[in-house]
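Written below as structure tokens is the structure these notes are about.
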């Protein structure tokens, strides 16, 4: 009886296929890290607006990480989604997801959550798209500070975090996602996107794993 | 006995949360569509390189869609991943996923699959990043042709298709993903990414649904 | 005695060289125009800050042009240079030209001049670079509105106007500079840059020439 | 008889106005330089095509500068204008300046001049716009190599050099123009653009001044 030629896709599970094809590498930590806090604003920790308690927990876990970056004197950047109150810059994103249009400059929902309040000198980016890098000047801001590694936290994992991570890598930054400092409105997309990012774009590790590794690398200062 | 306050995240399933928060909208088909074929090259239909049979099937299903766009005289753009053979442009992406470095100008793996061979006047973009829009000039090419709607096909769903879809929307194009004309190396990320894209960035429909809707909209020419 | 072979550069004047090499073409007016007012703010009409009376006169001449665009219902966008008051986004530009750092959100110098006060729905871009397009999202905003022609006014001709004109063309917009609605702190660079732009990047015409041509093209609405 | 109030613009010459307003600063040489050779191709050293003998002389003077960067092991990038031979990517620039369309991949006119032939590992960018940075990925390539200073040479001074210099600064690179290693088709725009760049965007110095200063800064390696 002739043997059937089975394709790798059929005989392997997801992880085996990715390994077989050479994905799942690492880009590591470089010479200088910056912390990017994506959209940790009031509207995204509220399940009745655009977020949920999983994101609130991620914000809480980010507080010591922010303190660590501040203690090291490393660059910190926060993003907020902010649309003009007269609708002048409503884009396709805000037409598809209308609650975004409520995130105006003065709205409570668009203010950064209190425990992560920016300090003077930390850059607060107002953005209208998913990625923290899209038309914001963030790549140039990091280049000016000789940053080669972006450490990404925030929300949502499957939305603005994922988009920011892809762009960070596309701008040739070594990119890290802090798995317990990113959150989402539902768990399934959170998990699925961490898998995608780890396989292709970014190293994924917990906050404490990052701090431990970073402390071990004295070159990264 | 006091009632426990349960958060929406706990009491709702994924779809209910997204509906509750106003996601899952539509951007529709506008006045003029362009077809974007992302990385339908030999290396991505081969399970021993970077793809698999799920992608080969998506490429086959794209043949009539490409014929439809050609018959309508609508713009068509193909992308290939192409790295310099001397390594001069190896980036973080290609360091994380080393097989990408083999996709040089002359390599068989980087040639577009025969059934989708570009015709003269169709633009073939050489790219080194995930997104078809990242540092390629595609947005300006579409603007020049008065395109307002990007119809995305190709591979992989969870990789370059997803990155291209996010960027298409960020550039303010109405964006469509043709669900049976995109493919991936494994099924699970394919499904998870179609969900994310539909909820946030793009309308998702089958090839035949798209053609039917497009034919009904005579304005989209 | 042998004759000397003289190069065209030696025997021709500037205009003849440019004609001989095929420069000085036209891109014309397309289907839909938008008006871009670059940096018409108080600090740039003041000779003791960053501008001068030549710019104030250009602003005055722009008032009827703005009225024309409003009457036609065509898109209007204003730019202001705005830096964070805590210095968080000081860039190389602001380090080279320190007075730019005074242009903070509330500063009188960074407010748009009264006769050109924006109306609701006109987008006011806050920028930190020379070009109105650089990392601002302007190209996508114009794409969303099906604009194919950018009509550029503002200041300075040799600075942010020139940079915006080059970028408008690079984004594949037909680009027009309104010669009497752009101004500079000194006359010589104003004239030199109008020459460069006309030869390579943009059609240059007076306000009244533009309005006359635009009125004649009913398609451009 | 009452005294007339004369504005600074009237009483000052060009240089005095710029000084009075705080322009003409310096950004200096940083930690690591890269050499950018803009469009030193055959078509731009030929007065019957797009250039002239002034550009040929600039190319000759660039040979020792290129040798210096190679000896230091510093990054080198060349640009060529290359359009598709089937016209698929003809843009507004190439419509305004039709001779650009002849610069196809195999055309003699689009090959880099022999004395500056790229070595393996030096990146050769194919571009369709004025700026070496516009949609080319150059900023990310420099970020990956920890470059903070761009040293610009090439042609034309008033065209692709000027556009590249503005963008280099906008990406937050310290930017240098090597005044005797840039050239133009006519002298007047060359001089006018060196003035503009020096005042606003870049340090301008001769090749030998740069090498002397660079040698003195051991930190810039």
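By letter and in written order, the chains are A, B, C and D; residue numbering begins at 1 in each of them.
Here is the rule we use: a residue touches a chain if its C-beta (ideal position, glycine included) is under 8 Å from a C-beta of that chain, and two chains touch if they have at least 3 such contacts.
Predicted model only: the values in this text are computed from it and were never measured.
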Could you quickly compare C-D and B-C and let me know which has more C-beta contacts? C-D
What's the distance between the Cα centroids of chain B and chain C, rounded to whole Å? 35
Counting only Cα atoms for the centres, state how far chain C is from chain D in Å. 22
Sequence positions of chain C contacting 2 or more other chains: 91-92, 129, 134-135, 140-141, 144, 170, 172-173
Among line, ring, star, complete and other, the chain touch graph is complete
Listed in rising order, chain D residues that touch chain C in their complex are 7-9, 14, 17-18, 20-23, 25-27, 47-50, 52-54, 91-93, 95-99, 129-131, 134-135, 158-159, 162-163, 166-167, 169-170, 172-175, 185-186, 188-189, 192-193, 195-196, 200-201
Can you check the complex and tell me which residues of chain A touch chain D? 31, 139-144, 146, 148, 170-173
Going by the contact rule set out above, which residues of chain D touch chain B in the complex? 84, 86-89, 91-92, 120-124, 128-129, 134-137, 140-141, 144
